[in-house]
């Protein structure tokens, strides 16, 4: 297979056979309860140096509470898949947790941009679609996925993709390597104790990433009876055997919104948007992350019931989310 | 891209750019009513020589009424994607409509086997999964999909797949070419006049094939208000712009069952299973296909209201199908 | 004495092989009955995966013959999805067992379910082909083959290799690019149970139906499999198994019919 | 005289370009407001496609800034799916228009949204990168680029080519393997509207904001675009457009704020 062009990025690539071995040995087929606290879940399933991915966006259903717990536990040297996310990645950089970022979409605001310019974090440029395709390849157990974009650009040259001649048409085609994250974090509307999980609305690549990842941590807005999943199997987003840990975290996406459950907290988000200097970042982390024991304390002391109720009350669009 | 091995099968392959051109020119983005009779739909959208695919199985939700209409209109030289189907393909061969078959799973009973042995129809061996992967490639606008099966077998050698060295692992990997059928037939639980369509339960590759196909004919068990789709967008199987024709065909899957609507008619299916000799096949076609004007007459004269009601009454499992 | 059909014998023997709390990719037809029986008697927490996208159904009885996506088969699944996702679970190593049928097998467990005799273009007999069998045999960790016991089905050279066993022997699968450490694990026939020798990857007789001798079972086979020293005596279908099969799973008797057999209890 | 911001001007000019009864891939941020405005005033049957999987939403106002998958944005979609499917629609040619932002463009409509200055490893300024922009610019039929009008953004050589325009000229995209007959179609800035010359694929000035001259608009650009003979006078934001934008879409005024501009009605 002659490579016409090869991008320069370092890639986290797992041979499909090695990933299969992991699945065989570590992913439990038995229906066992996997309910953990966020502290236990992150402590057990996120290690220094891990490659982590998450779904969905920073303003809608992002796994914010889990990300804050990673920072609280001061994980180091994470490689982050920054797909359609904004603050999570910036906070992970601010907390000194992330050293490398595969870019889909790199945060916003100037904080993270400066971290890159100053060399505190290394970025590898991909695209949102390429990362989603890489995840799909990882989820199918194949080594790469062909795509018809990236071609011709610096993004390609700085990515870890390759260009080859497609044997069927003779034309150049781009191959993106499979992505098998070490950890996938996802906040869902509903889960049971075994890990069956349901998301309402759209998602980036929830099933792809859960299948492609070694370790999957689900935080759930609400816990439901296992039979609920069997009564409406089309609504199941993740079957339990993909999932390693379930954490019951109401308002787990805060300050993002969760469709049909609560609106985003724009005021708090503006606090995040305003972070530019290192001092601001560390101030934010000290107050909202390090300064609390866990998500419950965060909600209790830093947000408050009244505000949470107000955000919930404003989530009046329920159509389609059931 | 050095090919280590190339299967011998003739393939129906469309350059992704040619398929894109078709979509640009022929697939209507405007919401227009596409309600046709089955006669109009087949006459307008199925041509001699077309490559056709369908979803789901012969015993569950297969597009039987549309297939009977193709036979009634005596289409010739069709190339059939025989994925997880039984009688439809046998009937198309019996009607002299099919000349080539891409085999996933080749009917059952001896009729079709003999048609192959006698050279009345040519088969190309693939697998169900390979055909589904080909459809996925067609639906993503890419020229091929890598798979890690077929390898090492005669199925590979008789297919149109290729083996190359994967540039990421160095190991051999199989590439199956994209499939872009000329026609995709699908029977759905609900549709609106524009072509928005909903299937309940599982499917083979309904969305993949609808995106990959040049022409999509939907037969719908029931017609619903367009707003229904917008009120529950997660349930939409096909958005309207993929669909060229909508035919309202209650009991359109008969003698197959349709989940939560009616059970299959095992007695009629046994008639199909019993077909071995050419005479039997022609007798069946004469009575049930050529001998009636359309699906309504078929139901009225060959099945009868009492029987249909009985099949509907027996479809008592509704959980999950809503 | 107990009387049963060869089909019933295969179903019962295969059902005892499955492991509880594991995933199994269930092929169309007889494997469905095996899984249904196992779920009722031996492996209540078996997670079935069907190629058209049902994950973990709790299938209802009676079995509706010929169907695979019907409402009774997929009753109370964990997830309803589609074929590309179903095979993706197998591709990523999530499926422990696979179970498919065969028309012929060779000494390395390679499978023919495509044709017999003649040429490829004009075979003497044409069968359904791979279906999803090639995926199952390629991607699941351990594949169980189920085949009627007829010595002529054990051949030196397959008329067509539909689905991969160990190909031409040790390392053959890996060299071809198939996933590592996969391959056929058991061959269940109506009279015997085979495994594969770890070193040579050749078929090895593990057991014979109670009352039969190894010699009888192997007679007429084109190749001679290894024979394990301590041959297991396969218990014929038990009363309980037959009761569930005949009364619950296939009361019509159409699917489980076959050649009549008998054995000592 | 009418007063408006540069942001408002871009949004209004872009909204008038969209075609009713067509599909458009809507990038994050400003393109969302363009589509919302167009849907309300010009193209009620526009089918929006969002990269995270919403197809054909009837987005509610007011726009919740920063969001793309929130309940108001995706209200009453035809289908809710995910990113791989969203881009598949573009890949198969189902998406007529794409609309994305840019930090720099060159004479062939190639786009930089990744970085400015310095080295790749240590850029002087780092931007979000492609997001889904590379997919949109590669796979949709006609791409509309929206960019604040600053002459220094029109460069001879991009600091980084994030998303493809016509690459190095006619045939460049096809040679690279990009889908045939695609490419940038319009560039909307706060002062001008550009297209591309059919033969040379180079940027061509099509119109300038009413009251401005071509010379003013092109001054300071690193390359000189072609200038169409009959330059269109771009009507500044109309009262109706501004009413919908300011009262319905962004009553908070945060998203549509920007540099103040004025023009003759």
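Labels A, B, C and D are assigned to the chains in the order they are written; within every chain, residues are numbered from 1.
As a working rule, contacts are C-beta pairs under 8 Å (C-beta built on N, C-alpha and C of every residue); 3 or more make two chains touch, one makes a residue touch a chain.
From a predicted model like this one, the values you see are computed outputs, not experimental measurements.
Chains that touch both chain A and chain C are the following: B. When the C-beta contacts at B-C and at B-D are tallied, the pair with the greater total is B-C. Between the CA-based centres of chain C and chain D the separation comes to 57 Å, rounded to the whole angstrom. Remark: chain B and chain C have CA centroids separated by 28 Å (rounded to whole angstrom).
Note on chain placement: the centre of chain A and the centre of chain B lie 37 Å apart, centres being C-alpha means. Rounded to whole angstrom, the centroid-to-centroid distance between chain B and chain D, based on C-alpha atoms, equals 40 Å.
For chain B, the set of residues touching two or more other chains reads 16, 141-142, 148, 166, 171, 173, 201, 207, 231, 233-234, 319-320. Contacts with at least two other chains are made by residues 54, 74, 76, 80, 84, 87, 91, 139, 179 of chain C. Interfaces, counted as pairs of touching chains, are A-B, A-C, A-D, B-C, B-D. Looking at the complex, you find that chain A touches chain D at residues 56-61, 83-84, 86, 103-108, 112-114, 116-119, 122-123, 125-130, 132-133, 136, 148-155, 158, 163, 166, 171-174, 201-208, 257, 259-260, 264, 266, 269, 315, 317, 319-321.
Within the complex formed with chain B, the residues of chain D that make contact are 21-23, 45, 47, 54-56, 58, 74, 76-80, 84-85, 87-94, 96, 139, 141, 179-181.
On chain A, the positions that touch chain B within their shared complex are 1-3, 13, 15-16, 137, 141-148, 162, 164-169, 171, 173, 175, 177-178, 200-201, 231-235, 319-320. Within the complex, the chain D residues that touch chain A are 28, 50-54, 60, 64-72, 74-77, 80-84, 87, 91, 110, 114, 118, 120-135, 137-139, 158, 160-164, 167, 172-173, 175-179. Partner chain D is touched in their complex by these residues of chain B: 16-17, 19-24, 27, 29-31, 138-142, 196, 207, 211-212, 227, 229-231, 233-234, 236, 239-242.
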